[in-house]
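Here you go, one structure.
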Amino acid sequence: MNETIGFIGLGVLGSAMAGNLIKTGFTVIGHDIVLEKQKAFEREGGQSGASPRDVGDKSDVIVLCLPTSKALHEVVGGKDGLLEGGREGQIVLETSTFAIADKESARDALAATGKILLDCPLSGNRLLALKRKLTAFGSGDKAAYEAVKHVIQGFAHRTFFVGEFGCGMKMKFCSNILNLVHNSVAAEVMVLGMKSGLDPELIHQVISGSGSSSSMFEVRGALMVDEDYNKEGMNFSIPLKDSRLISTHAADHLCPIPIYQAALQPYYAAVAQGHHDEDASAVCAALELAANHTRKKKKKN
Amino acid sequence: MNETIGFIGLGVLGSAMAGNLIKTGFTVIGHDIVLEKQKAFEREGGQSGASPRDVGDKSDVIVLCLPTSKALHEVVGGKDGLLEGGREGQIVLETSTFAIADKESARDALAATGKILLDCPLSGNRLLALKRKLTAFGSGDKAAYEAVKHVIQGFAHRTFFVGEFGCGMKMKFCSNILNLVHNSVAAEVMVLGMKSGLDPELIHQVISGSGSSSSMFEVRGALMVDEDYNKEGMNFSIPLKDSRLISTHAADHLCPIPIYQAALQPYYAAVAQGHHDEDASAVCAALELAANHTRKKKKKN
Amino acid sequence: MNETIGFIGLGVLGSAMAGNLIKTGFTVIGHDIVLEKQKAFEREGGQSGASPRDVGDKSDVIVLCLPTSKALHEVVGGKDGLLEGGREGQIVLETSTFAIADKESARDALAATGKILLDCPLSGNRLLALKRKLTAFGSGDKAAYEAVKHVIQGFAHRTFFVGEFGCGMKMKFCSNILNLVHNSVAAEVMVLGMKSGLDPELIHQVISGSGSSSSMFEVRGALMVDEDYNKEGMNFSIPLKDSRLISTHAADHLCPIPIYQAALQPYYAAVAQGHHDEDASAVCAALELAANHTRKKKKKN
Amino acid sequence: MNETIGFIGLGVLGSAMAGNLIKTGFTVIGHDIVLEKQKAFEREGGQSGASPRDVGDKSDVIVLCLPTSKALHEVVGGKDGLLEGGREGQIVLETSTFAIADKESARDALAATGKILLDCPLSGNRLLALKRKLTAFGSGDKAAYEAVKHVIQGFAHRTFFVGEFGCGMKMKFCSNILNLVHNSVAAEVMVLGMKSGLDPELIHQVISGSGSSSSMFEVRGALMVDEDYNKEGMNFSIPLKDSRLISTHAADHLCPIPIYQAALQPYYAAVAQGHHDEDASAVCAALELAANHTRKKKKKN
């Protein structure tokens, strides 16, 4: 199975994914507009492609992991973009989180040159990516998905086919709503508990593993207990960026999402208060400020 | 360890708990104002006490599992109540969900006759109670808690000592807030997903076990998928009753709880729409009505 | 029409109302458990009654303006209470804001001695009361209301008969919900406007008098512009007390009130941050803290 | 002062505004891409311009009232657009509601040909426009604003200069937030009142004119009382379109707007339930459905 995988976008997440594809045994040809990142990728055992087109020409399957929909537009239709190279029937995996309409534009442009774009967003962060613990929501042409499923499994331990093109993003929105609400309500409960005299560590211990718990409560609640918001994790930039897509998506479908909107507002407060680059569990600090709560013992670190 | 446990309140939850105490090997003397329930209890191997006072006289430790704070008031200070019998140093476990002030009144009244009341609310429902899978939040006199911990373990598989008297209730409020928000947001996500074209069963399958999941999402999400709201579980009466205690508790501590309040509102809608006696996962039906969503395939049952 | 009006409860609001009854030409016999207040009332031209019973014996119509439902219970059924004196057919106006059930208890007790209680809460504050600008929501026996309408007009410039006993309180809840939401959203808009670079005074000037305005926006928005929260007005104690009645009332009727609940949460934050004794327009300060907004120019006073 | 005003966009609002400019005594040259609308305009006494460029060549001042930012882009920079004609120093009034960034693009493009764009959104609807009762929020170059203030007054009875370019839109956002929240909370109060037994007409009568009232409550509350949602007014399309701009604006400034978001959600429900083309007071119908309230007497019309 000596397949060659093209990988465009070697950033925080992409570099971890591409690294796992190499470890899995694929030949990986990577490209990033930042030279530095490409060099780092070579040190991990990857080969460099000069442009999206070059990557397309040299690869069987292509994976995209890009920061903005503008970058997607460039990678596909820009100078030396994917449209200019590759081959008929080539499958391209779009793993980023963009508006469905933007992904559809890219799909249509690629289809005109015989290529097949799959919408395949991921759930997880760099820490999980390094451990190959991402979840993939594949959608689009089912046969194409089946044909590249083994590639997806090179960076994701859970992979699902979730329906026609765009369903991947829709599932990702569901996932993100739960993440954000579970995180915010964990903070709400921590602050109410502390204000009424409970020890935060005890709250975390008692709830974890019970029917009242969530993954977010367990992972991020631990950071709230320790006020340890500088851990490498997921800062506020991704959830706030995604919140615009989610709000638009729900509005397009005329679907009220009052709980999500209520849980989102303290994110703005947290960032306005200077926590942007911290883990999103720092939403707890914003709620403590609102409730005028001061912890007795100082933070551990 | 041939101890005798008194058990007052043999309702939906209490009868399951008392049954497990019998199975554990305790002699259990039960009492309920409804004769029917006392008879049923005898068929399970229990003995009947004529009154709270009688139960107190014949037992080492007493467990209370009552429907209202008024019942607590009666059981403690009413005619043939606990105040009239029992013995110095006797430990009484109050496992119900009442306002802390009401439990404090009972504690003070019992203390005047040398008895020790522990505030020890439980998390779980009848299904979990039958499997001895309740969680207990013990609080009050720590030595007393340690002395009866083995009794608590006769009906709860997870037991915690969470602080001074009333901390049990405070922990229970934290637990209940998470339960309700996790349930409501599971419905919010299900409805948004369905409205945008995702299959609900697939949403449940993909999210379950992921970092976006919660216990509530997994247990109640499954009922939402099947629109199977008649399962024996937890209907709306308990969470709505508890919501009054939680709102008052948060107000007393001047602590905003906007996410809980947002997630609570559809519970009123669900009950107003006739779902009171169904499992609280039926909040999903209220959200579907609001979003004017009609499922393609009919419910399974 | 030389009628004698009894007035029980000569506090912040009651003293202003009783003063206006005197000015209108009534003989007013007042009572308050605080001697100081009774003395002040005499200086305003009132006569003192020794007890509720004494007031009842000497008056044609009785007005109650009390701080707590416990006080109502005492005034009616306590030692030397209204039940012990007065006369058959005597009309008692209950103008306070209490749970309907508490007012119903008082009504039933008085009815047993042939007296007629009207539920007649008021909208307004001391400033408006001094100017005889209160609004009265009369409810209960319609003939009784008509018989004492001229008395109500002695302290309220707008009087309405709004239905059977308790409808007064229900209308008051509607009124209070609007007050609180209009105040909170005025602050929300002020803070968003200021954060995006608008001058708060200009916001207030442009919106006032337009179709986007509310009374609250005009009155309290002016205080927000000046950060002038120490004016004699309506501090946080009344709206927070009333919020418990409103939440319970809506829950009793299974009616979601998500906007009110969202608008109420910053009140807790404001009080937790130390603004309890300031005018409720200080909710703006809590929102500025959350949004981390600092005003350029200092407050005027 | 025989000035000639160019008017581009003769839709629902624009035709009413242009009509008033004619009545004020201006010569008005109108243009719309829909020929029908241009013909109607001629019947009102206007003259037709063949294109934006033609309008620009023949006018002293130009007013834009357009449906989409794409239309703005076309009118300014498209074939036969404003960039191709007009004169140095010509002032263009942009009265629509678009993202500030879109208006800034137009401003910059026009500035390159020496023209001055003012951001001057309006508050009001067609009914108010016909009565010349719009409110204008002028912003940008102050001298330019002063120079055309008399033109603005030809269609708006209240005109304000609110700051640098874009401040007009910011003020409009403040105004719209209040409009939407006041409308939704009016419905919330109406439904709670009705569910608890109050007559809706009485609620409207008692609150109107009191300190609890708002313009929206008075105007739209009356429609809620009558369930008369088909009146010519403001349907859901504008507030839902504007809500995207407002949410983005608040997110850009990291400003929580929880009350607005809570009040916005029932708008989606109302539209999902089929009320899109009705007046936005129909949000009341969505809340009645949620609370499962059925009115006793039928609607009047």
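Per-chain residue numbering starts at 1, and chain names A, B, C and D are given in the order in which the chains are listed.
What we mean here is this: contacts are C-beta pairs under 8 Å (C-beta built on N, C-alpha and C of every residue); 3 or more make two chains touch, one makes a residue touch a chain.
Everything quoted here is computed from the prediction, not taken from an experiment.
Participant: Chains touching chain B and chain D alike, please list them.
Facilitator: Per touch definition, common to chain B and chain D: A, C.
Participant: Among the other chains, which touch chain A and chain C together?
Facilitator: Correct list: B, D.
Participant: On C-alpha atoms alone, could you tell me the rotation angle mapping chain A onto chain B? Nearest 5 degrees is fine.
Facilitator: 180
Participant: Give the chain pair, either C-D or B-C, that is connected by more C-beta contacts.
Facilitator: Of B-C and C-D, it is C-D that has more C-beta pairs in contact.
Participant: Would you kindly tell me how far, in whole Å, the mean C-alpha position of chain D lies from that of chain C?
Facilitator: Distance between chain centres, rounded to whole Å: 38 Å.
Participant: Taking each chain's centre as the mean of its CA atoms, how far is chain B from chain C in angstrom?
Facilitator: Chain B and chain C have C-alpha centres separated by 38 Å.
Participant: Scan chain A for residues touching two or more other chains and write them down.
Facilitator: If we look for residues of chain A contacting two or more partner chains, we find 250, 254-258, 261-262, 265, 268-269, 272, 290-292.
Participant: Could you draw the chains as nodes, link the ones that touch, and say if you get a line, ring, star, complete or other?
Facilitator: complete
Participant: For the complex, give me every residue of chain C touching chain A.
Facilitator: Per the stated touch rule, the residues are 258, 262, 268-269, 272-274, 286, 289-293.
Participant: Where on chain A is chain B touching in the complex?
Facilitator: Counting only chain A, the residues touching chain B are 123-124, 128, 135, 137, 158, 160, 162-164, 167, 170-171, 173-179, 181-182, 184-186, 188-189, 191-193, 195-199, 202-203, 205-207, 209-217, 219, 249-250, 253-263, 265, 287, 290-292.
Participant: List the residues on chain D that touch chain A in their complex, please.
Facilitator: My answer: residues 240, 243-244, 247-248, 250-251, 254-258, 261-262, 264-266, 268-269, 271-272.
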